[in-house]
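Read through the structures below before going on.
Each of the two complexes below includes subunit A, the first together with subunit B, the second together with subunit C.
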Partner chain A sequence: MFGQMLSVQWKWSRWSVLLLSLAVIVVAIWSISVDLQNSLEMQSGLAQRLEAANGWYHTLVWVGGFLLAMHAWRTDHAGRHVYALSLPIPRHRFVLYRYVSGLLFAGLIVLTLWLAALVATSMIEVPPGLNAYPTGLALRIGVALLATYALFFAVWSATPRTGYYVAGILILFVVVNSLSPTPVGNVLQSGLSALWSGLGFEHIMTGRWFLIDV
Partner chain B sequence: MTSAIEVSGLQYRAGPGFSLTGVSLAVPTGSIYGFLGPNGSGKTTTIRLLLGHLRADAGTIQVLGESVPKNAERVLARIGYVPERPHLYGTLRVEEAIQYHASFYPTWDAGLAAELQRAFRLNGAMVLSRLSKGELGKLMMLLALSQRPELLVLDEPTDGLDPAARREVLSALVEFVAQRTATVFISSHLVHELERICDRVAILDGGRVVSELPIDILKSGMKRLRVAGVPRMLPAPPFTILTRDLEVAGSETWAVQNWQTQHAEWLLENGITLREVIDLDLEEGFVALLQSRAVLAQPASDSSDFARLST
Partner chain C sequence: MKRLCIGLGSLMLIAVDARVMAQSTESQRMRVETLEQSWRAMNRTRSRGVVPSPRATDTTRAGALVVLSEPELTPLVRYAAPQAWQLLLDSFGAGARVLETIDIVYVLQAGEGSQPGHDLILMQSYRTPDTQRGFGSGTISRERAELGRGIAHNVAGQIVGAVGLPSWMWGVAITEPRERRFLANAFIELATAKDSLTRSCAEGNSSGCQRFLELDQPEKMPLSDPPGGSSRLTQVFRHIRGPLLRVTLRTGGVDARRRLEGTADRNLGERLATAAGVPIDSLMTLWRSEVTRRPVSSVPTTRSVLGLALISLIVLGVSTRRPVRR
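Right, the complex of A and B next:
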């Protein structure tokens, strides 16, 4: 049963998984395809490239989490869940299988990244003490992808009505904020800050992806 | 006689405009039970409650001896369901859809599935979104039958199919039931279709069951009477007048229920001349029954006094 669910979900997700895998290969190789043993200018160029790659990883993690969660739910939403609800399987187990399937695809992307980082580091002379770079990078992106996937999986699992409520609340906040910047604006600002910075949710994405301090 | 489905006092409010009110049904095991009603009468809602998709506000539901929605998963493993609208994943190929569906049912009959796929001429490589409505209907019937269900719940299974596809789907259904002691609960607004295959019917209108009885009794008691000399004040008859149509002065056509031959004497006693008794088929009877409910629901007025019916 799980095998069939996995296979069907793969069919929906495969192009996204392949494209994301290709993207992480390109970014992983491009980000460090600079000779570290060369001059200081080259090392500065590497620093800039790593900064740029940081942004790319950030984007790929958000896009990856979004797409994997979307593919897990979109077809069931389109059929108003009639088919899923007609199958003799407890709902919680059905949702778990869908979630785990997406997680396995996320794992594929992370595995690809790890292999690509291994290849990339084998192409240059890695400074001493940084041999764990591919594993560290893959682990961090794995955790980040897990976080975004879990977030979007929860969002996508909601009914359209819940989606409208959430969107309505957000729009209300934005409208109120634009009409009266204080004190509601401050509340919004504080809320967003709590979510998006410091120890908030996105902190895992805004930290440096690399354990190389250049 | 045991019941495959037993529903008692079911109440469900879907919104401000529609509710099921006190729906009670008893579907005998092994029967083909027709669930009739006009569009919007609550047939699909009742079916969704039977399957545990929705939770009733009040009332009890027992399906195959299990309480629903409490034991819905156990019940669903023993039910073949064909919904009103195609619900399968449109991106799958026919073969993939069959494999996917089969993986959920331990009782899956791969031989029967292959046989039906041949009989229905379903190409395994075809993507579901490219199938015609008739082919999708056949595929859904294939999936439901190959589960070897104890109960088939079919919600308008032939709606929108061309006559050839409809005949194939119904033949497969009848053959399946003939070979096994399965119960079939089939909802439709295509009355003439159910007339041929059902043992018993319930008629739903406006969220209420308005009639529930064996189909032969329903059919045999439904007649169209051409009468003349109807008195201005008609005493209560021993049968139910569903509709009254004035033809020419003093001459009327009645659609009646529970008619028996000896009722002709009552007409004579009241000075009414019985000119003709015509058998109604189920569809005509069904329409008359719904018309009578519509008339009774109207507020009284001079013009409707004539049409308001003696029951």
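Right, the complex of A and C next:
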């Protein structure tokens, strides 16, 4: 049963997975393709390139989490869950299969990134004093992708209307509180921040995702 | 008259503090006298319209940090001052106690017409043992989470000023993730520089670092471009040498200042090594470790993984319980 669901979900997700895999390969190679031999004074630009790639990785992690979760649920929503009801398995197992399938696709993207990072760093001579972190980078991005996937999976598992309500309320809260801070708003914002950092997401999402670093 | 009473009241609050009581009568008298003079100097400056009128009456003490504040700000200050002191200890170690050797008073108050969430004004007036008087003020955020950091940044400048190295006044920040990120980027610039001398420093060559950081010559103002340098290299240089003073104070402790004072005629490297009480090569190793300390662990923390596991379970639970539309 899991194999069949995986196969179906792969058909929905494959183009996103392939595009994201291609994107991480390009970013990984681009981030260190600097001519270190012909750098001008301090103008090698490696630090700036790595910093820019760091931003791209963050973007890809959020987009990737969103797309993988969307593909897991969108067709079910469109088909009014008839497919889910037609399967001879309880709902909790159905949800678990959907979730794990998405995780496997996320793992595929991370594996691609790891291989690309290994190949890219093996093709250049890492400057003395610095180190290459292909595995560390893949691991960190993998955990971050897992986090964003889990968050978006929860949102997409609800009806689209509920998802719009949740997103709308959050956006409204952030906008209103930034324009006119209130004690209640500040307390709520502090609570969200505490939850965010308390669960360790701060470490996951604000890390330094550099392929070559100190 | 009212302001004089408030000023004297604040001074009395400081004077009866346990730490001051522990000093000798003579040093206590001198400290109170100096604080009083500082306060008057601040009032004179205020009368010229430079800063708003001080209305501080409450005293908050955290380590060697003393902050006077208006009563309505006192709960905020009592929350932020220990955080600020902890940040200073993290950055300068025992060297942060150099604040105890200068007579300095900080006054925190709301800016004129300020609204909740707007900036506060932090004023400081101090007098060093060589009778030089200093005064400064700056705005810091009222945000509860930011206030401690804002105070620490201001006080860090005072600590640098107290050790008498004017060319370091700009560029020594407190240790925090954002600063670590800048430092790590600066080190990457260092390691990929075209100039071999600069690069050798990143490779761990102590002599290269001493030349790059201009430690083989007396301190000079203003800073020039370092060897093989460009304006960009100068920016990196200014940023990356800040941790050197931090590790010097951290290693040398509160006596670092005293040791530094007797070496004014020697080159900068010798002065800092003497202040730290370690050989210059060891100081270079400590500096390099400080600069290259990674901002965040390269692997996810246990809490992150546990948080993820928890959120995944919640997600699955919520998704499973959702009623299916029929």
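Keep this in mind: the second predicted complex is superposed on the first by the 156 of 214 C-alpha atoms of A that agree within 3 Å, B and C clash if a C-alpha of one lies under 4 Å from a C-alpha of the other, contacts with A are read in each partner's own complex, and residues count from 1 in each chain.
Please note the rule applied: contacts are C-beta pairs under 8 Å (C-beta built on N, C-alpha and C of every residue); 3 or more make two chains touch, one makes a residue touch a chain.
Please read these numbers as outputs of a predicted model, since none were measured by experiment.
Q: More subunit A residues touched by subunit B or by subunit C?
A: The partner making contact with more of subunit A's residues is C.
Q: Looking at the overlay, what does A:158 touch: subunit B (first), subunit C (second), both, or neither?
A: Once the two structures are laid over each other on A, A:158 reaches subunit C alone.
Q: In the overlaid three-chain picture, which partner chain does A:74 touch, first (subunit B) or second (subunit C), both, or neither?
A: A:74: touches no partner chain.
Q: Quick check for you: in the superposed arrangement, does A:150 touch first (subunit B), second (subunit C), both or neither?
A: The answer is second: A:150 touches subunit C but not subunit B.
Q: Considering only the touch criterion stated at the top, classify A:50 as touching first (subunit B), second (subunit C), both, or neither.
A: second
Q: A:88 in the overlay: touching subunit B, subunit C, both, or neither? Say first, second, both or neither.
A: The first partner, subunit B, only.
Q: Scan A:4 for contacts with subunit B and subunit C and give back first, second, both or neither.
A: first
Q: Touch test for A:14: subunit B only (first), subunit C only (second), both, or neither?
A: A:14 contacts neither subunit B nor subunit C.
Q: Once the two structures are superposed, pull the subunit A residues common to the subunit B and subunit C interfaces.
A: Correct list for subunit A: 80, 85.
Q: Which residues of subunit C touch subunit A in their complex?
A: 116-117, 144-145, 177, 181, 184-195, 198-199, 202-204, 228-230, 232-233, 236, 291-292, 294-301, 303-308, 310-312, 314-316, 318-320, 322, 324-326
Q: Using the touch rule from the top, collect the residues of subunit B that touch subunit A in their complex.
A: Listed in rising order, the residues are 51-53, 73-74, 76-77, 81, 83, 85, 87-92, 96, 99-100, 103-105.
Q: For the complex, which residues does subunit A have touching subunit C?
A: Touching subunit C: residues 34, 36, 39-44, 46-47, 50-51, 80-81, 84-85, 91-92, 95-96, 99, 127-130, 133, 136, 139-140, 143, 146-147, 150-151, 153-154, 157-159, 181, 190, 198-201, 203-204, 206-208, 212-214 of subunit A.
Q: Quick one: in the complex, what on subunit A touches subunit B?
A: 1, 3-5, 7-8, 11-12, 75, 78-80, 82-83, 85-90
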